[in-house]
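Next, two complexes with chain A in common: one pairs it with chain B, the other with chain C.
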Partner chain A sequence: MALTVKCYATLAEHSPPEGETPHAEGHTVADLLAELRIDPAEVKVIFVNGLHAGLDQPLRDGDRVGLFPAVGGG
Partner chain B sequence: MVNERLADLARDTPETPPGVRLVSGGVLADLGLGLGLGAREMELAALAAGLVPARYLRNMRTYGPAAQARFLRSRVALAGLGGLGGHLLELLARAGVGALAAADGDVFEESNLNRQTLCLADGLGQAKAEAARLRASAVNPAMDCVVRAGFLDQQGFSELVQGADLVLDALGGVAPRLLLRRAAAQAGVPLLTAAVAGTSGYVALVRPGDPSPTDYFGTGADEAKPPAEVLLGTPPPTVALAAALQAAQALAFLSDQGSTEGSGLAGKMLLFDLADMTFATVSL
Partner chain C sequence: MDTILRIDVGAKGGPKAVTQPVGPYAGLGGRAMTSTVVCTEVPPDCHPLGPENKLVIAPGLMSGSAASTSGRLSVGCKSPLTGGIKEANSGGTGAQALGRLGYAAVILEGERPKGDDWYKVVISKDGVSIVKDNSLRMLPNYDLVERIKAEHGDQVTVISIGTAGEMRMANSTIAVTDVEMRPTRHAGRGGVGAVMGSKGIKCIVVDPEGTTIRHPANPEAFKAANKAFVEGLKRHGVTGQGLPAYGTNVLTNILCEAGGYPTYNFKEGRFPDADKISGETQAQIEIARGGLATHGCHRGCAIQCSGTFVDKDGNFVTKQPEYETVWAHGGNCGISDLDAIARMDFLDDTYGLDTIEMGVTIGVAMEAGVIPFGDAAGAIRLVQETGQGTPLGRILGAGAAATAKCYGLERAPVVKNQAMPAYDPRAVKGIGVTYATTPMGADHTAGYAVATNILKVGGFVDPLQPGGQAELSRNLQVATAALDATGFCLFVAFAILDQADTFQAMVDTINAMYNLSMTADDVVALGQDILTKERAFNTKAGFGPAQDRLPRYFSRESLPPHNVVFDVPEKELDSVFAF
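Our next item is the complex of A and B:
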């Protein structure tokens, strides 16, 4: 099992291959960001399984994580 | 008397719902001239008499005559007349929204031409607000479009949203969105916000008291890098899609008599990325 990770906009360059990354038991969103080399300050909205989440949210096998930066274009 | 005259002039069509008949805009304009009534008043009179103005024929199977009348009685505030705002103005005018209060202090420049539908090759230097006013009256004279050519401060945004049924955020950058968001919350008016960068974007319907995506974005002032929309640009399909999603949600909201309960994005955020055709709706 693994995590499904979708990185939007400027975070897309940090997307794991095939959008999946192996999950280590007990890891949080913050651990995932470190693994993907994403600066937490650049992630403004985090979703886990469609719900708003924080950096300290524990992750489980099969979780779907969405990472969104600040975007303001119009 | 208006009703009798209208009924005489109506025509049937298989495309309208049963019992609904069509009346052409020319007939309404002629009749309105004699009665001293404007396009919007005449269209509302026609709908009240069971007649559908022909310009709204292709709206009927989706929205129906009652929702069409609600659109015509609606007041929408639109902040920003660039990429998102230009498309929104076009879509709301064609849908038949009755009153639009819009604002933008910018003038068109060449880099707007890739995505801003109000920006034309021979219109560089023109005020966006003026282009919007002209376009609105050219597309649908029934829409009362009042524009303000200026960059708004907190007070200006508060004035813009006053009396609106719905506020549309079509601003550029993250900082001014916070001012609009505050103005809408203080006035107790739902805010439909959207923004894009590269192939990604979001749309969210923020009810008074709800969190908004912009609450998490900050002002951008302390960021080390340039904003995402500057780094990735704003290509035409991303902007048009975000505006179309906003317009669809706006019309669903207005047709539902201003209730946000039946609106798909109330308290939620739709995220998309056209690079891999990801669409996700998440709770804020």
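Our next item is the complex of A and C:
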């Protein structure tokens, strides 16, 4: 049971080793942030499997999660 | 800024400069100025390289004042690439210098005499001089700037064309020097350099010596509004932290994560080697090698999105390559070598090539089998061939659409012949609407729906659903057209879209500068007016709904990983300008 998690930009230091973290049944994105010690206020954009997601989104084994602070350019 | 400088390149005995009061163009800046002059004075059915076309260079309304982050310079003409109206804009020091000298616009017009003479225009507080200097012929921008520096010192701005502009390539830019007097900022899109080349003007040297900043009509209100505006830019996560720390290339990872990063000439939506060329990696390399990750392209920028890229020995290679550049020459071509990409950024700047058009053209050439995907050395060679004008280089310099045509390919990712930037319209549908409908040809800056589709700035509209995208693009295109008139850097948009008080502070600075009482509604009306004029020009140039479309294959071939096609209904595309 594992998730692939990538934290980017100013959140990069919170990325789990090897980009994987164990997953417990029923956990949501908010639970994951707590495990990674990330302040939800620092997170602006959340992707689960390439789709925008919210804090309350339940996670499933094998999900790919991407976490971003406010970023922009163009 | 109440003077217009006209240079008639066809005058007897060589180009002649005439200054006149701004007259009917009073109160216009930036894109509002360039598009109004082009719509009024250029016949829409003319040839872009013929004598009837004009090149209009205009600082933004606020440029040259103490308003923060307001150094944007607009360049307008009929585009040799799209055949429609064009406004391309640039940072650097040009807008401030022209604004301080009092020029609302510089217009190059008339018919260049036969022959191959090249002229240098020098604008200072003492007036305008125009000198024939054929020793400048075919100098790349960096070499040209060194020559100008030796003669005019290092406190001037150089607005110039490289070899591409001289060869009148449909992909050719007009370069503007930055604070270090390097030609790193470009009015990049649509082949504006070719129009300058067609007028025989190699460069315009702008010397602001002896001028002062432009004074606001209402100094107290101006100071307060500008302070609130800067505070707002610092407060927002994008303009206050993301852009200064990582530059625009911070977008590589988020577009990949979203599955909207065009890879291998728009075949896939994620690049497996993205982390090797991301903004995070780039900033790390810059800092480790002794470059610079935070830097402004002109004095008074409160955001500082730029930087300096150096090689392993600490020698200057180029300015920090932008996201679009890294994508175009990187993931789009299957290339993951940042040093090679930085080298191409330098070559593009010195030859005067638009990095988006060049990178997409290389991707098309790769698809045609000219070189394989991932061939970094081959890609560098193609840029060199373009800048040197070899027979192959001439094809590539005509842009992505022309190159696809020469090699018999359908898959040219263009709208109105202009290459699409770094967001796949199938997975970021709002930007697809902007690509399809903006009068400029595929252009992300014309209505940056990526902000709302991907970055959650200015709200959120699901990037994968067709609904709501036309309205999103409409609102952004209107707001952007207005912002393009002000001279404020487009990146202030991130803060003003999210923070109502920062938007108000920006409007208040303009009001205090000019003693106006503009409201948000007036800003909308200004944007709509600009777009209406530009659309009317394009209609007379032969454009209709059939040109406001993406190439068919974007609706037919699906894009992994989300396996989506572009499916915004045509009738919604046709509703974008129903204000």
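We take it that the second predicted complex is superposed on the first by the 71 of 74 C-alpha atoms of A that agree within 3 Å, B and C clash if a C-alpha of one lies under 4 Å from a C-alpha of the other, contacts with A are read in each partner's own complex, and residues count from 1 in each chain.
Everything that follows uses one rule, which is that a residue touches a chain if its C-beta (ideal position, glycine included) is under 8 Å from a C-beta of that chain, and two chains touch if they have at least 3 such contacts.
Just so it is clear, the model here is predicted, and its values are computed rather than measured.
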In the overlaid three-chain picture, which partner chain does A:G74 touch, first (chain B) or second (chain C), both, or neither?
both
Once the shared chain is lined up, is A:P16 touching chain B (first), chain C (second), both, or neither of them?
neither
Between chain B (first) and chain C (second), which, if any, makes contact with A:Y8: first, second, both or neither?
both
Jot down the residues of chain A that show up as touching in both complexes, chain B in one and chain C in the other.
6, 8-10, 12, 44-45, 47, 50-52, 66, 68-74
Quick one: which bits of chain B touch chain A in the complex? Just the residue numbers, please.
80, 82-85, 170-175, 177, 194-198, 200-202, 211, 213, 216-218, 220, 223, 225, 227-229, 231-234, 238-239, 269, 271, 273, 275, 278, 280-284
Chain A contacts chain B in the complex at 6, 8-10, 12, 42, 44-45, 47, 50-52, 66, 68-74
If you look only at chain C, which of its residues touch chain A in the complex?
236-239, 241-243, 245-251, 253-254, 257-259, 279-280, 305, 322-324, 444-445, 448, 450-451, 454-457, 460, 462-464, 490-491, 494, 561-562
Residue ranges of chain A in contact with chain C within the complex:
6, 8-10, 12, 44-45, 47, 50-52, 66, 68-74
